[in-house]
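Each of the next two complexes has chain A plus one more chain, namely chain B in the first and chain C in the second.
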Partner chain A sequence: MNTPLKNNKAQPRRTALRNSPWLKPLTLLAGLIVLIPVLWALFPGLFTGQDPLDGGSTASLLPPDAQHWFGTDQVGRDVYARMVYGAGRSLLAAIIAVAVGLVIGTAIGVIAGTQRGWIEDVLMRIVDVLVSIPGILLSLSVVIILGFGTVNVALAVGITAIAQFARLARAQTLGIVRSDYVAAAYGSGANHTKVLIHHVLPNASGPLLALAVLQLGSAILQISTLSFLGYGTPPPTPEWGLIISEGRNFVATAWWLTVLPGIIVMAVVVATNRLGSVLREVGE
Partner chain B sequence: MPPSSPGPTRRAVLGAGLGLTGMLLLSACTHPDTAVPAGAKPVPGGVLDYFEPQSWTVLYPPAGGFYPNGGILNNITARLLYQDPQTLKLYPWIATALPRINADATEYTFTLRPGITYSDGSALTAQNVVDNFELYGRGDKARGLAVSEQVTNYAGGEVLDEHTVRFRFSKPAPGFAQAVSTMNSGLLADATLKLDSAGFGPGSAAKIATCGPFAITAERVGTLLSVRAREDYDWAPPHFKHQGRAYLDGIDYRVNKEYSVRIGSLVSGQVQGVRDIQAPDQARIKDKGLQLVAAPTNGVNNNISLRSRHRLLADIRVRRALIASIDRQRILTKLFTDTYPLATGVVARGAAGYVKAPDDAWVHDVDRANALLDEAGWVRGADGIRVKDGARLALRSNTALPQPRSKEVMTLVQEDFARIGVGLSINDGDQVQQDLDSQDIEKVQVYHAMVARADYDVVASEWSINNRDALANHDEESGAWGDEEVERILARITGSAKAADRERALAEFQQHVIDQALVLPLFEEPQVFGFRQEVQGFFTEPVGRPTFYNTWLADGAGRGEEA
Partner chain C sequence: MTSTPKYILARLGQAVLVLFLAFTLASLLLLILPGDGVMARFSDPALGLSKDEIAGIRASFGADLPWWQQYASTLLGFLTGDFGFSTQTGAAVSTLVSAALPSTAVLALTGFVSALVLAVIVTLVASYGRFRWLRDVADSLPSLFISVPVFWLGIILVEFVSFRLGWINVVDPGPFESLILPSVTIALPISAPIAQVLIRSVAEVRAQPYVRVTRAKGAAGAWLFVHAVLRNAISPALTIAGLVFGELVAGAVVTETVFGRNGIGALTAQAVANRDNPVLLTIVVIATLGFVIVNLLVDLLYPLIDPRLRTRKAAA
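Our next item is the complex of A and B:
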């Protein structure tokens, strides 16, 4: 398949830059949307002066205004401040979840793709079992076994992502181990581990990283879902899913409690998906 | 792959347009709500669709204190006496007259009305009435049926003749006459008295035979309980203007835990009644022209108990600091409306034995709270939570699910505690989990609750170790007490023959919990109902449970399910 990147190889450098998928307006917008919560997570104090845990004497259920951009919640806390301070926990949980899926899934896929035989059969049947269980059911089961809390929710979501990474890693590995440069590496005396580290993993990493970015959006959504259901961080610690969950009783009287945080979560998920798609596009 | 995504297709635009139009059309299909002319006469017919926030758990009458249970039991059972919700005066109901009581209130004699039958066809006899109170007064551990917290010091019952029964008590039982008027003393048929706790639980409701104006006819566990009017019901309290069958054909008690679903169903006209309208929605309900009924509960006020038997709360200075840290007015301003008045005593102003607490009883003073904790040797740790001898001053509270906005109340208390360096985590979980955890003092040290009952005994119902034991005051294994004096005073309230003595003991109880910083009353808790305009004649019994006997539907149609 001809990709825009390949087509542009022969073009002058400026044209190539202009046609780069990274510089398209939608991609730039997606990058900005992802960047904002990352900055919220790293430097929350720069973005709000409000206390996310204590509303003081501020009235509850105030609509959005200049002082409270997202209004105040059911006990008078600033919803924007809670979103800003909640970003760290929500994004960290998503990163842990993707990391769990990426590391364990890749390990399974690479071992299965290089070892073949009964090891491959056993590993890939385990992956088949994981695929056959609906993600939310699997993560709920895991979180009930591990106990409530953000890290446990992240681990639960990560476990549901293992299968996808394992299948992709195996497929990539199967292609790479048959290539001439791997045969040449073995021919020049490299052992199995060396080939795995220097040839298989670097060459399989592109699609895996693209999947990781795509999974990030999905993980944010899944973690928010589990927090919404009450399995995540205990109150009053802010976390995106919990903030939406706490506001759901007031949909008719204070829509901003659910709609504005919901838009933030949706925007970050869509933007992350966009970046993942671009990464995949570039990789191809 | 194309360099950029194509714009929305014609089909997508058309789909979105059709969807939006459909939503607008559907939103216009809500049930119209028109006012009923003043003076309209009751008309029979129709099934009331009514939403509860929680599912009922057990229909054993002594367990009727839990609101979803009580809301059903109050309508399916009849009692020996009837208590007027406004005056709290007692009237005959199944008994032909008020009981004859001996001088020290240890013997109660009732004469029974003839011709009363249960919904299974069996007759209400003198022996059956005695058997009811034998069960409520003694309980049956083998069947998992508890002693009624309202029938104290029970010594036995006897049949004097075909229509006369007598109950005896080992100590004065001045609250018994009122107790037999509550839904906790609802009368059950002989076959029903043989059920075990599972037989009174979800899935078995249709087996429960009662002699109230409605009888259970169908059940879908966790979502619906249908009761239908008994055509042969002809034993309403004699002083009622309305006699005979209930106006309604029946009531469908629906359950949905999602508040927004319940309130939305009422506003859109999908149901006709909802219990537990929260403060933020009260204005909206009125604006929509719907009826808002705030019924006082005439019992113990919504309150927080500090369990002094726990090592972290054993020091009175810590308890005083916690009470001083809580800003009750802030809780009311932020979460509630004028229908939730600030508590001025342990019991509500309309409750039996109300005494106004001294003005300085529960003063909010953060500086004093901090000073008390400093004096007690608790110093702030790195995370802001105070520590002493390696122990963190971190407590845990329950969530009182039947109480309005309990989680938000405790969230504000959590904020107040954090300001003085005390940690508070709020127990999550469903009613069963809350009940289990609340019995364990290691899991819950700060207990949020309220109990409604229009009698002096209500304080014993909440704090006595024989009843709900909100203070978790006594450990049977070790024999340790949190505050033994509490139990001694409560015994005087439940065991004194004269009303004046009981009233004095209740005032003493209030002063004791103030002095010992054991209880912080927050506000007088009403039960707030919302109804469509067509629902008429609704009122509650003395502690806010719905009474549907006199309720009627102006359009007469109702929209219940076939049952």
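Our next item is the complex of A and C:
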């Protein structure tokens, strides 16, 4: 987000605005698509008056109409309301997963990049191991140990993201540590910690944050997959993967229960990826 | 070229080290650390096992040994093809895995080939499409494909292609017919990164002077694409082989569950549902072996496919 502001100073304001990749129509649309489920997660009551857990006396398996946008499920619950109330859990899980990858991965990468020697060798071999175990099996291994549930699934997916962050953070750190301004900082009496906080982390943060946003989309997908397989929260709590999995049993008679939630998940992932690539482009 | 055997040995050593470390991590995590946790199911009073019987089961799984002995015997077992026993069924894990492997191998292969075909088609349309809008649409397909929930795609394909349109019989299909939809399901997300790399490298290759020269010499159409462009665009695509392998494993777990196929993926899902750690451990180690071999082959074959790398290797 910093770069467009800097551009404003360098060029006439209008050109900078017109050229900003943030203002392309597709990027704006992506921002809007991401904003909606975020608002769902924060204020579900504003978006639906229906109860996500209790269908009451509503007929089951109703097709979409003005009152039930996505139709109703096998016990008459409004599926749109379940998606709205499920957004919080599904998005929070994705954020936890990415945060685990970002924090642990960055720590490994920065330590490896600044300490060098045998510490770097050990850390990067651990990263090699994390890369070489196929992601889904690594996360299932964590799930089998920790048990089922949304938070455990989020941690499991987060562990598969560590390696990418660690490799990027190390590469960034190596570049920064070699630069003249770090030499100057050491020359004027800064110690390791000061250099780390004032130079390495701020300069490495741009690319790492872009990767974090890109990982968010893939985390949403992986978490919904594990929740579809039944390793997340048990029903009736709404969670995106679980809603699709429940709709699946009625796909022959009520296809919308599966199709519409799937399209929502897909749209959010496409939009998040788009924002992530713009963020990376802007950084470069 | 004198350094080549040294390079191969070093690369081989690195592969063995990573595999060994992965085995150590997975066995500590899944077998040694939970230790009696794996055995806890047998002390369930509902099973009505006596203390001696439980002790016997513990001994047969090696859970009564100190951790380093468990680790050593597990390692020795894996080296000799003895993967222990399923805590759920008591069957030898090697039997379960070898029964499940062929079906998954066929699915992974057909899925991979479908992904390649799909990726090449998308690349062709994105690079050579007749209209600007057609090229733009094809160009944006990979980012759409990569965002499709695989399990959702599988459900949708079965419902619409099989039941509504009746194109493919899923109730009593032949061996080939039963592979079509699972392969397409696996292929779609895998084709995305391949197509992305291909589109980018085709664009780069087409801008190279030698392509213009070949065209000036009279080459055109498919011949030009296959001989001058695709050949040179393939080597960047090889770099994502590891990524593709991981996606194939994930795809197998999901599609085998959705389509009710037997195989390693279904075995994995069952193992997690039943807390069957020895089975999951074996699958993790075998899949990691697969990943390590694929990456080793790519690294070793790379210089053969791309002559430009041979001189660089020799110089290094």
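Definition applied: the second predicted complex is superposed on the first by the 272 of 284 C-alpha atoms of A that agree within 3 Å, B and C clash if a C-alpha of one lies under 4 Å from a C-alpha of the other, contacts with A are read in each partner's own complex, and residues count from 1 in each chain.
The rule is simple: contacts are C-beta pairs under 8 Å (C-beta built on N, C-alpha and C of every residue); 3 or more make two chains touch, one makes a residue touch a chain.
Computed from a prediction, not measured in an experiment: that's the story for all the values here.
Visitor: Once chain A of both complexes is superposed, is A:Ser20 in touch with chain B (first), chain C (second), both, or neither?
Guide: Touch partners of A:Ser20: none, neither chain B nor chain C.
Visitor: Kindly classify A:Ala252 by the partners it touches after superposition: chain B alone (first), chain C alone (second), both, or neither?
Guide: Touch status of A:Ala252: both partners.
Visitor: Thinking of the overlay built on chain A, is A:Gly230 touched by chain B (first), by chain C (second), by both, or by neither?
Guide: It touches chain B and chain C both.
Visitor: Applying the touch criterion given at the start, work out whether A:Val269 contacts chain B, chain C, both or neither, answering first, second, both or neither.
Guide: second
Visitor: Let me test your reading of the model: by the given contact rule, A:Leu137 touches which partner, first (chain B), second (chain C), both or neither?
Guide: second
Visitor: Which partner reaches more residues of chain A, chain B or chain C?
Guide: C
Visitor: Is there a shared patch on chain A that both chain B and chain C touch, and which residues make it up?
Guide: Common interface on chain A, chain B vs chain C: 230, 248, 251-252.
Visitor: Would you mind writing out the residues of chain A in touch with chain C in their complex?
Guide: Spelled out, the residues of chain A in touch with chain C are 125-126, 128-129, 131-138, 140-141, 143-145, 217, 221, 224-225, 228-231, 241, 244-245, 248, 251-252, 255, 258-259, 262, 265-266, 269-270, 273-274.
Visitor: Residue numbers of chain C touching chain A in their complex, please.
Guide: 17-19, 21-22, 25-26, 29-30, 33-34, 143-144, 146-152, 155-156, 159-160, 163, 242, 245-246, 249-250, 253-254, 257, 268-269, 271-273, 275, 277, 280, 283-284, 287-288, 291-292, 295
Visitor: Contact residues on chain A for chain B in the complex?
Guide: Residues 1, 3-4, 19, 24, 26, 53-55, 57, 59-61, 74-76, 148, 230, 234-236, 248-254, 281 of chain A touch chain B in their complex.
Visitor: Can you tell me which positions in chain B touch chain A when the two form their complex?
Guide: Chain B residues touching chain A: 1, 3-5, 258-260, 263-264, 267, 278, 280-281, 284, 330, 333-335, 405, 407-408, 411-412, 414-415, 418-419, 425-426, 428.
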